[in-house]
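Below you will find the structure I want to go over with you.
Each chain carries a letter (A, B and C) given by its place in the written order, and its residues are counted from 1.
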Amino acid sequence: MSDPILSIRGLTKIFGGLVAVDAVSFDVRRGEVVGLLGDNGAGKSTLIKCVSGVHRPEEGEIRFDGEPALFASPMDARRAGIETIYQDLALANNLDVGANIFLGREARRRRLGGLIQTLDDKFMLRESRETLDSLQIRFPSLTQPIQTLSGGQRQAVAIARAVYWDAKLMIMDEPTNNLGVPEQMKVLELIRTLRDRNVPVILITHILPDAFAVTDRVIVMHRGRKVAEKATASTTAEELVQYMVGARDDAAA
Amino acid sequence: MRKLGLFTMAAGVALALAVQAAAAADKIKIGFLPGVVDPFYQVMQIGVEKAAKDLGVEVVTQIPPTWGVEAQTPLLDAMVARGDLNYIITAPVDKDQMVGPLKTAVDHGVKIITVDTYLGDGDYVKGPVKFPLSYIGSDNVQGGRIAADGLAKAIGGKGTVYINSTNPNVSSVDGRAKGFKEEMAAKYPDIKVEGPDYNLDDANKATQQTAAALARTPNLAGVFGTNVFSAQGAGTAVVNAGLGGAVQVVAYDATKQAIELMDRGVVSLVLAQKPFDMGYLAVAFAAADAAGVTSLPPRVETGFAIIDKTNVKDPAVARFIYQVPGK
Amino acid sequence: MSERAVRAARRVDVAAAGVLTPLQRAGLFLSRVWAWAFLGLMALFFVAAVPLSTGGAVNFLTVRNSQNILVAIVPVLLLGLGQTFVIIAAGIDLSVGWVMSLASVLSALAIRDSYDAGLPLFPAVVLGLLAAVAGAAFVGFVNGVVIAKLKVPAFIVTLGTSFIVRGVAYLMSENTTVIGLPAGVRAYGNDALVYLVGGPGGGIYFLARPELSGAMLRRMDILLPWPVIMTAAVVAWAMFLLHRTRFGRHTFAIGGNMDAAIRAGIPVDRHIVALYMLSAATSGVAGFLSTLRYTAGSAVIGDPLLLSSIAAVIIGGVSMSGGSGAIVGTVIGALIIAVLTTGLVMLNVDAFWQFIVVGTVVIVAVLIDQSRDLIMGRPKGGVRR
């Protein structure tokens, strides 16, 4: 196996007196889908926010792509190649697919001998279509505002955006929440496609079937601590539930 | 009196021409565009409509909802765009700013008669603005002097008085404040004049401003309100302060409210202008001009009725109180 | 997630698999074109009713009236142009009217004083434009910084600055009006590119007004006055900026989802400052043009125009919740108001009726905007800041 793309050692985050994340360590390798499981309040989101630059941890080390990576802001994390996909948060629903994929990085054309620059919508549409095709995502129209798309389709747009801009690590926070069953399947399918393209994914979820459907490895958190790390193939739903509710704890042993 | 003579002459011209003009005038159409909605202009409109009926000319009227060039100009432009008006009778809301828009009307072949307020300095023969046919209105400087004399008498020739006015750069109220100040300075050395404050044609604001003046100058002896809104606001403030009778108010414009306040002893003197005459004469002038008359006077002063407690019941005077049907 | 959000998300799924039903399409189409249709129907009504009511003496559909309407929309449209950007970005600028007044005073002072100091007329007028736009843009800068950096709601900030600007405009003017401008200024505000004289002996004249009198004068039409040409240039520039550039795209993105814009690396704070400067600048141009038109600066000139300009923007289909709109909509909105005013005057109906009609149309416009949300399945209480 290759070197880990993400390596976390002894990460600790304290809010006031509460230890939200307690000395957590784990690695993520290229082409790997890692499930991050735990009940509400287990510390999954806080851990991820430390990685994506939202929070600064009190202790511990994060290395990304071999470099120390304590990001000062989410923008810094994105620039380094860490894309975090939140449901509904990172897209402008009033803009079309192309505009969303190129949001903040719009392609432009020089006109009148470079005097002025206009948006190159044709280019952006073409590139978007190619990216979507390569991910086997099909929309009837790419020029409608994406508010006309379904929740799953919008997830797909966010994923396509990350792919187009060469994300080195994708973090997906409960991506199947609030989706209908066919939509859930579509999103899971996309995660598999990402793995096939060698893009590592951290999948935050509390839905066990999702974790079994797409992950290679699962990490379970309970009350801020990592209580288990298992290859998905070698564990069962009952076992994971026991870890999630705190009935079992590998770290305490 | 020179002014009275001029007025009589103008009235004579108008009447003499009325019959003759009526024959030629059936082809002319007149637009009437006053300054704002108030009783003064409503009475003027009655004069305009009476003359139109008597002389058999057609009149279309538009009244700006608020006082200001941005309210009056679009209505003026639309009247000009009709293309069928030969004359526009208007009270320019600013003596400088309305020159451009009214000149554009003239450029489209519409002749302008100004009533109540004028353009430039009001001298359409030698002054900076020459294109209007005529100015028909009060001698406002003279009105200001009359108001000063009346107020000085009411307060016994000494003390501090305050002017509340509507807008700056409006020929009518500017003239009133000017005449008032000049007269006070010349004849009443013991009277100090404060103001004017400008209420921008808002009676509520006039009330606030007068109340502030009363608070600032506790021994204020009198207030001069230079038009309908100023006088309304001044009267209301004095009544609210419980100073009715103690603080004398002189009101320009004989609204019913001003007369009521006179009955209650708050207002000591009311200057009634003659808006009906202004409106009627203006239409008569337009008809006369259309009939080929070339000697219309460029300035006509319509005079005042001075109303106080002694004559307010006299029908010869009371007819100058602004009466608007249905109001 | 709240129950409401879950419901909304479910509705999204049901409503759209990316394809709009024919009914949705029809609804969307109607919601987009209704303002055009309303303008057209209203114009048709006046075209028919005005000659009827005047026995054929007055016509609505004339060259002169078309020019009159173009002149009438100038101030409302200029105030609305910058406002369109601001509202698309889910902001509001209540200071535009008084900024216009301040700009009018500043430009009048600049023109008068520089001319009196010996500057020729044209450079003096250009200086007046610069003073108007720079002074206005400064107010916009203050608005933008307080809104973007100090996170005070735009409504409050611009309300506050409008009072401040009002006071400054009063103080800088001499009793609200700045007079004594060189007489030549009038030509810039009232003269035109083309003069058309119909009928016998008529002709077409460029740049210079023909010397005419009497009946000939009544047949002259003044085409494309300078303020209209200048406004058209600003409109064209605003269209380009909003619909063809990255600046415009970012404006939509900020209005659609501020968080997404921030995450996408759009310099949102800087952009918001620029938006309020833009809004103030177009108001500054309006103040400058009013100074030319009235040959005087006025500290009260813009006061009655604020609400009309916001009405024009809303009628034009710009959503008050941000994220959608177009410059052409604001032009239509301003046209609707101007056509209404002119048509009512021609019918000799009280000008007050225009308030009632405009108010009704504004409410209808908002209802239509909301129905568009319903048609498109945009989640309510969505993703805005």
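Assume a contact is a pair of C-beta atoms (placed from the backbone, for glycine too) under 8 Å apart; a residue touches a chain by one contact, two chains touch by 3 or more.
These numbers come from a predicted model, not from an experiment.
*Asks:* Specify the chain most distant from chain C by Cα centroid.
*Replies:* Chain centre farthest from chain C's centre: A.
*Asks:* Using CA atom means as chain centres, which chain is nearest the centre of all the protein shown?
*Replies:* If we average C-alpha coordinates per chain, C lands closest to the whole-structure average.
*Asks:* Which integer distance in Å separates the CA centroid of chain A from that of chain B?
*Replies:* One centre to the other, that is 76 Å.
*Asks:* Once you find the CA centre of chain A and the CA centre of chain C, what distance in Å lies between them?
*Replies:* Going by mean C-alpha positions, chain A sits 44 Å from chain C.
*Asks:* Rounded to the nearest whole Å, what is the centre-to-centre distance of chain B and chain C, using the mean of the C-alpha atoms as each centre?
*Replies:* Measuring from centre to centre gives 35 Å for this pair.
*Asks:* Flag every residue of chain C that touches chain B in the complex, lowest number first.
*Replies:* Touch residues, chain C against chain B: 54, 57-59, 62, 64-65, 67-69, 71-72, 75, 175-177, 179, 186, 189-190, 209, 214-215, 217-220, 222, 290, 293-296, 298, 300-305, 338, 341-342, 345-346, 348, 350-352, 355.
*Asks:* Tell me, which parts of chain A touch chain C in their complex?
*Replies:* 74-75, 78, 88-95, 99, 103-106, 108, 116-119, 139-141, 144-145, 147-153, 177-180, 183
*Asks:* Please output the residues of chain B touching chain C within their complex, sorted ascending.
*Replies:* So the residues of chain B in touch with chain C come to 29, 60-66, 68-71, 73-75, 77-84, 94, 96-101, 103-104, 107-109, 167-169, 198, 200.
*Asks:* Quick check on the complex: what are the chain C residues that touch chain A?
*Replies:* Contacts found on chain C: 1, 5-6, 9-10, 12-13, 16-20, 240, 244-246, 248-250, 252-253, 255-257, 259-261, 263-266, 323-324, 376-379, 382-383.
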